[in-house]
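Multiple structures are listed underneath, in structure tokens.
Look at the two complexes coming up: chain A is in both, with chain B in one and chain C in the other.
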Partner chain A sequence: MSDAEETIPIKDEYAIVAARSAGKTISSKCGFGLVDQTRISTAISELARNILVYAVTGTVYIREVAADGKHGIEVVAEDHGPGIVNLDLAMTDGHTTGGGLGAGLPGTKRLMDEFDIISAVGEGTTVTVRKWL
Partner chain B sequence: MTHESELREEYSKLLRGFLESGDERYLYDIENISKEFVRANIGPDYILEAHLNTLNKIVSEFPVDKAVYIYNKASEPLFNLMVAYATAYHDYIAMNEERYLREKQLADELNDANRNQEMFISIMSHDIRSPLTAVVGYSGLIQKWSNDDEKIKRFAEKIEMTAMEIDRMIESIRTYSRVKKGNSKEDFDEIDLKVTLSEIFEFLDEKIQVHGTKIERRYRTDRDYMALGTEFLKNAYLNILDNAIKYSPKNSIISVTLDDTGSDLKFGVADHGDGVPDEMKEAVFERFTRNDKCGIKGSGIGLAIARHAIESHGGKVWIEDNPGGGCIFYVTVPKA
Partner chain C sequence: MMQGAYDKIPVLKIGDFLITSIQVALHDRLALGLQDDILAKIQETNAKGLIIDVTAIDVLDSFITRVLVEIAKMANIMGVKTVLVGMQPAIAITLVEFGMELTGIQTALNLEKGLELIEKIVMAEQE
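Moving on to the complex of A and B:
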């Protein structure tokens, strides 16, 4: 059922643009309206930017998903960077260690329906977000 | 060029770039510039104005049918901009709020520390000066009576006692500072308030005799009144009793009660003095407030310290009118 899928290696800002673009294409294909497409692409930007800032390189996977009769989009941002030492803190509004305007994580969480984060210090971070139609 | 107009110029370029090429890259850059707008404290109305101005300029370069298409297409970058702007703004507010709370907490701690320091200086300058006067006085007497061994011995004893009193004061300041920092567990002992009171009466015995005060103990002596307390809590009770004696008429009765019927231990001291007017009932616990009465010694700091100590034990202290004239000091502390 879920056929649309994209894997985008993140190594520079152009890759972020590519990930956004792929996110928009897939979300549009899933049937999301312009408002949600914008939310999704903004969230992808944040996740990809986090990879660039904190882990330097990583990968963003975007795919159409279906579960429990729901249909939507899933974005997985994975890196093998330093990991997040204090997850609770990283999820606090306004907290930043990367010199940004506060971490994109809380903002990303607000833009999507589901948000999961797994992080191990020294091993990396995987953020999975979903938005349902 | 100001930062504002630079950003506005930059946005115009990006908008034009997107409308001409439809390239996603411009949307990404617009998202980034929206954060710059938040950071530079540029309002959405200003951004909207920049958007419309640029759009009108671009549109004027095309025939009508194409212009409508461009107008429609321009909603996407604007929408992107606004979503990113709002998200960044939300983060910004949260960040400021957290910073504000952190700063407020630091300011409160600093104020507290300052107040403490002032209080220490007050204690030093007021309370320690009077025993020092005694030390200086007796030293002078020793020089004057340098031939009288008996007198010298007595004066030296007085100096020794006074020095020990100063030492006790300094110790109490140290305790106070510890109490304010939060009592550490090892400072707390189980104390029986009935025993504490007996010790206090013994300590104040001379004063009680001189004053002709009659102490009426209205509590059971065959019972334990256990509380968790530090030396400083004992000093607070001492201070309140000392105060009651000081403010009572000579040869009057002071009633002392201990009540363990509630969840707290309630201690009461009823005197037959002039009483404390309502507007002063709180104020006497502030520093240097004294229900002015001539001829009474003290720096007016004792009750302030007592209240700090009691509150740091999770207790309360307050004053009520004594139905028979005078006032009643009440102190509650949790049972051990």
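Moving on to the complex of A and C:
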């Protein structure tokens, strides 16, 4: 099994298109079906957009992963932006500070199997999501 | 670069209707440009209905979804009804699970059904 991996620097809106297209390619390589590929690419698009809106720049890492006999895809969205003051609120449907739909993080969580978020005010935010085959 | 090749999405007039088919990966500026083009074309042509074909779209994130919903709302304010056609099953599933709503936007399975629907809507409006 060849490990597929891609690092996408997020600095403008074109990078969002590049990130979701990389998500499509890698998830398809991992063996995900069309619906899961769409879920994964949509999640990547949301995470990349959050970086652009809230932190301006950051990085999205997409890679094939294996753990506990499971095989899947992992996406890490990392920025050194302002961080999230209230994580509980950020994970609430309908809440937004960025003028969006307020469904970004909770919606992304619903599309994936695992969702972890670490954020420190003034330091940045790292969101890690995984989906298993 | 791919973005250079497609600066515009064509908006075509057929009879009383405007039809636009999104065939490229939508980035933000392209989506907002489409919004401007559609509204300008509505004013220019006196169109009565608008069909947006999304058959070729493979990912719809919350930003693009919001732009599509807003295009329909703005068109409605200008007296034009919108029908969205060609939604892929995988996108429909993702939209619902994610929690994105296409409020105030009519949909049809494909372009043919969309044309039938928009004709009906426009006829009903005129009565």
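In this text, the second predicted complex is superposed on the first by the 130 of 133 C-alpha atoms of A that agree within 3 Å, B and C clash if a C-alpha of one lies under 4 Å from a C-alpha of the other, contacts with A are read in each partner's own complex, and residues count from 1 in each chain.
Criterion: contacts are C-beta pairs under 8 Å (C-beta built on N, C-alpha and C of every residue); 3 or more make two chains touch, one makes a residue touch a chain.
From a predicted model like this one, the values you see are computed outputs, not experimental measurements.
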Should the superposition on chain A be reported as showing a clash between chain B and chain C, or a fit? clash
Contacts of A:P106 with chain B and chain C, given as first, second, both or neither: both
If we overlay the two complexes on their shared chain A, which of chain B and chain C does A:A55 touch? Say first, second, both or neither. neither
Looking at the overlay, does A:V17 come into contact with chain B only (first), chain C only (second), both, or neither? both
Of the partners chain B and chain C, which touch A:V127 in the superposed model: first, second, both, neither? neither
Given the superposition on chain A, at which of 62-70, 80-88, 98-106 or 314-322 does chain B overlap chain C? 80-88
What residues on chain A does chain C touch that chain B touches too? 13-14, 16-17, 20-21, 24, 34-35, 38-39, 41-42, 45, 93, 100-101, 103, 106-107, 110-111
Under the touch definition given earlier, write down the residues of chain B that touch chain A in their complex. 24-25, 27-28, 31, 35, 38-39, 75-76, 79-80, 83-84, 87-88, 90-92, 94-99
How about chain A: which of its residues touch chain B in the complex? 13-14, 16-18, 20-21, 24, 34-35, 38-39, 41-42, 45, 92-96, 100-103, 106-107, 110-111
Given the complex, residues on chain C that touch chain A span 1-3, 25-29, 58-63, 65-66, 88-91, 93-94, 97-100
Within their complex, chain A touches chain C through residues 13-14, 16-17, 20-21, 24, 34-35, 37-39, 41-42, 45-46, 49, 93, 100-101, 103-104, 106-108, 110-111
